[in-house]
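Two complexes follow with subunit A in common, the first pairing it with subunit B and the second with subunit C.
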Partner chain A sequence: MQIEADTRSIPALPKHRGGAWRDVAGILLIAVAGAAGYFLFPDSLALLTRVTALAMLALSLDLVVGYCGVATLGQAALFGAGAYAAGIACVSGVTEPLSLLLIGAVAGAAAGLVMGGIMLRAHGLAQLVLSIAIVQLFHEAANKASSYTGGSDGLAGLTVGPLFGIFAFDLWGRTAYLLGVVILVAVFAALKFVVASPFGMMCRGIKEDPIRIRSMGAFVSPVLLKMFVISGAVAGTGGALAAISTQVVGLDSVSFELSANALVMLVLGGIGTLYGAIVGTIIFMAFEHVVSAINPFHWMTMVGALLIAVVIAAPRGLGGLVARLWTPSRHGERP
Partner chain B sequence: MSDVFKVEALSKAFGGLTVSRNISLAMKAGARVALIGPNGAGKTTFVNLVIGQLRADTGRILIGEQDVTRLGVVPRVRQGLVRTFQVTRLFSDMTPEEHLILTVLQREGRASRILGGFRSDSTVTGEVEGLLAALGLLEVARRKVGEIAYGQQRLLEIAIALALKPKVLLLDEPAAGVPQSETPRIERALERLPPSLAVLMIEHDMDLVFRFAKHVVVLAAGEIIFEGLPSEVAANAKVREAYLGSYADARKHA
Partner chain C sequence: MQTAFSIAIDALAYGMALFIICIGLSLTMGLMRVVNLAHGAFAMIAGYIASYAVRDLGTNYGVAILLAMAGTIAVSIPLERFLYRRIYGAPQLTQVLMTIGITFCVIGITNYFFGPTLKTIPLPGFLSQPVDLGFRSVAAHRLFVMACGAVVALGLWFLIEKTAFGIRLRATVDNAPISEALGIRTQVVYAIAFAVAMGLAAFGGVVGAEFLPIEPYYALRYMVTFLVVVSVGGAGSIPGALIACLVLGAVDTTARYLMPEFGNFFFYAAVIAIVWVFPRGLLGRAH
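On to the complex of A and B.
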């Protein structure tokens, strides 16, 4: 079948430009910020490493919530799967850090497959409840299987070998932090690529209108399940990084609380942009660090107040606010 | 020439209420059929049965030689049965160009790939430009859909349907909600639909029906009460009574 079009009169659309350079600039900015953290806060590298690990959790959550529109309060199940897999592998004798990260990613992806396979059978509120149930089950499983996981005492005694056989994980956490920043930047760049691909566009389409996508002849669930697997790999990498850097895996890494915190980080930073996940994690962790030092009993109250302020004043998150100020409004387009 | 689309004795009841009764319809390649009927005649139910949103109680639906009665929405689209929506269903943050690229890639089974960016393939972009040009959407190709006129959104609906290279196209009120000034554009687009395509249009706008259709089917209370040429439909007593008659009465009383 041919569309009858007068080809002579078609003014060809101009080539696309600009988009890729903005992404490169953004990625460079994250790398520079990471390096700046190394020099500005040499005494807080352990905290900053945790930021990079949790940023990956928030990124993974953004893929599912922000790009697919699937609400979940159980994302820590995937983070914890990666953390425990890396921890157990390390205790069992795999000490090469990059292998441990890979093990964490694979375990996270497998957990993502399970979680997606269950969650995608429901919609809306039922889906959200399923996500909570899954993370609680993971939590209970980690608690009960104490011979492998250490139960409520946590899995301790991880001795990670030096990176590339050269850079040992030192007491100040320099190696761990730099590894975290490099992995985070690499993951971020890869995800920018994923969300800009036809697959990423398909996910955004499903988020907005699954009926439209079906009437275009595409099944919805396999696409979402694929995103769950990718999300699991990212969260699992974050979990493994947390395990490597702290050399201990606790039950809190597979908790409902961490899942909820990740969602708070994402909302603070802005949903559906990837940048928001990182911005939100930094804000949340900085807030926790500073405010809990001032008032250890009420810092969560302050986070709650901040969250309400952000949701009302900047519904697209603080990252979205920055992007709006940064991008000059062009003629004929909304900023 | 064999039928590209056939509905045989389709019936559907919700509890005791029969909403489709023994509906049969056949279309050949190039057919231009309009389905009309008063409100509550069962047009929307019929559309949902045909596309696979609802399962029929009895009867068969065939696309070409293929029996699709038991298949869902997605496989039917892949068999070549494509619909447009009565109220546009588009992605407000995406541009018309992106909609069409996604649709073409989807048709080719490449839309869920991560590798191989979607703007690099020149055959895809060429086809998309052709579609945009055919429907007069080139000027707004890079605007977000939420910002373009409703008439243009309706045209994009048609463009998306065409990008799937259907054998049978189901147009669900293509001019609904479009301001009078923009209906000629829709009409022109409909005139330029590929000649080999079988088109079934559900429409309220009688002027559009009479200009577009070569064949009119009238549905009332879930049954086909008339099938024939547009020129005969107004003269049919049953149709006058069920549908056009109400207008005549209204005019008498006015």
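On to the complex of A and C.
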């Protein structure tokens, strides 16, 4: 039971020079969509802020799953590490929001180092199980260390100072949302650089054929570990953003369910493109917002049916499906 | 001494209940190479059927077990035909996604029909009273579960190692195209193996309901436990699964008795330690 490189999910490498311009256009599109959300849904900015935080979780998962081919169901451990680190720092006196985000990123990166160090020892199924065991262990640890984390009650009472000393975090969540969008766009742009760099190419190479990469003289594990650390920093930033915007950190931020949901979001949008992570998060959260308000069990049935449908009909995610429909000339090209 | 004895009995019975449920998953993962995260969902379906049979139809406990197994297998056959058959040999991530999707659907649909409350399966009189062993008395249900576990282990060993079907199954697992060329109908072998695995999940779900109560999120809550146990034991190995279930059952029960405030902490710490040392599981086969 080895992890086979799923060749269908590997995005086409940028073949022409238009790639960079397309990335700039994509980043601008995300920024415009973020601004549109601000004006179109002024009453649900809290939900939209959560979308930006979870989009970072999905992005971090995409780095590991989509670019390194390491299947993990424990990504929430990194998200939660960032959230709790920012929350604990905030309670003990650090109230500057950008420093809190930095603390979250560092904590997430450290958690990523630990998690990658443990997970990369195993392969295939054992790796998947280790990721689950790690997130459950984080969950129990956060539950047990209730003097620091508030245990099952959650860590409440975060009072974050105003951004740059000027923009206070208001009741409508305007500041939090705009901060979230700006951070998301910045992270996305940075990650586009990372995945297009020689290091990102190396990760893709490892995903496709680790043995060949090793025989070319490169070290496989350190490269993957580096990606784990980057992924942890991104997830930790998302966690810190969630903590700052909701002013509470709950045990659910380090749960297996959140990890599974993040994977669902990523797969819904499409693996290995970075865009898919954001698109998937938006679709998932929108559906959840509407359907689970009616009946949480209908919501589960629907997510399940959606997952089965995606696996059968659109293995590249909805993003891949759209791309396939958009360019019918490439339809005949079977991977 | 009294505490140590009751911990030992509970640990053994819990380990056996885990074993009955997990061995089916071990078969599907080790022999058919499908990471079936929906395994617990089938145990849950069985639990709901058994609870309905005993409480609403008033059937006997034994009849309820048979009904639950038959019902679960009946549900699993079309799922195998239309969904699982597509993911045999697919990348792991695809299998994980598909089976998580099935789990979510099963949870949503069962709760739509049976309601979101905890379901009990009342035990018959002779199982709910204590049995005197001479020096201690033990709940009869615990002994019953242990006996069931032993019977399942022996029965499966016999089926796989000693029968014609076992030979076909092992041949199919080792090399499906060659087996097919030799006239073994691999699709049928897979379908039967899958049905056996689901039947065992159903049996374990009903018998183990005292340890793992049947509730709306059963499939999700214990999904991780089952998966972890199987990979610790080494997928596809009956003795491996048995050892893993007994060891992890003992760790979990002991920790719950002596340090209940730590929850599952020791269970997962033990899992990480074992998988760290044995990346293929205790008795896993190299693929």
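Simple rule for what comes next: the second predicted complex is superposed on the first by the 304 of 335 C-alpha atoms of A that agree within 3 Å, B and C clash if a C-alpha of one lies under 4 Å from a C-alpha of the other, contacts with A are read in each partner's own complex, and residues count from 1 in each chain.
Heads up, the rule we're going with is that contacts are C-beta pairs under 8 Å (C-beta built on N, C-alpha and C of every residue); 3 or more make two chains touch, one makes a residue touch a chain.
On a predicted model such as this, the values are computed, not experimentally measured, just so you know.
A.B. asks: Look at A:48 in the shared chain and tell me whether it touches subunit B only, subunit C only, both, or neither; answer first, second, both or neither.
C.D. replies: After superposing on A, A:48 lies clear of both subunit B and subunit C.
A.B. asks: For A:132, decide between first (touching subunit B), second (touching subunit C), both and neither.
C.D. replies: So A:132 only meets subunit C here.
A.B. asks: By residue count, which of the two partners contacts subunit A more extensively, subunit B or subunit C?
C.D. replies: Higher number of touched subunit A residues: C.
A.B. asks: Should A:120 be classified as contacting the first partner (subunit B), the second (subunit C), both, or neither?
C.D. replies: neither
A.B. asks: Taking the superposition on A as described, I'd like to know which of subunit B and subunit C A:303 touches: first, second, both or neither.
C.D. replies: A:303 contacts subunit C only, not subunit B.
A.B. asks: Return first, second, both or neither, reflecting whether A:176 touches subunit B, subunit C, both chains, or no partner chain.
C.D. replies: The answer is neither, since A:176 touches no partner chain.
A.B. asks: Across the two complexes, what residues of subunit A are contacted by subunit B and by subunit C?
C.D. replies: Subunit A residues touching both partners: 1-6.
A.B. asks: Please give the residue numbers of subunit A that touch subunit B in the complex, ascending.
C.D. replies: 1-7, 9-13, 16, 193-194, 196-202, 204-205, 208-209, 211-212, 214-219, 222-223, 226, 333-334
A.B. asks: Applying the document's contact rule, which stretches of subunit B touch subunit A when the two form their complex?
C.D. replies: 51, 73-74, 77-78, 82-83, 85, 89-94, 97-98, 101-103, 105-107, 110-119, 125, 129-134, 138, 141-144, 147, 160, 162, 164-165, 192, 194, 196-197
A.B. asks: Would you mind writing out the residues of subunit C in touch with subunit A in their complex?
C.D. replies: 29, 33, 35, 83, 86-87, 91-94, 96-98, 100-109, 111-112, 116, 216, 220, 224, 227-228, 231-232, 235, 261-265, 268-269, 271-272, 275-276, 279-281, 287
A.B. asks: Can you tell me which positions in subunit A touch subunit C when the two form their complex?
C.D. replies: Spelled out, the residues of subunit A in touch with subunit C are 1-6, 65, 71, 73, 118, 121-126, 128-130, 132-134, 136-137, 140-141, 143-144, 256-257, 260, 263-264, 267, 271, 297-308, 310-312, 315.
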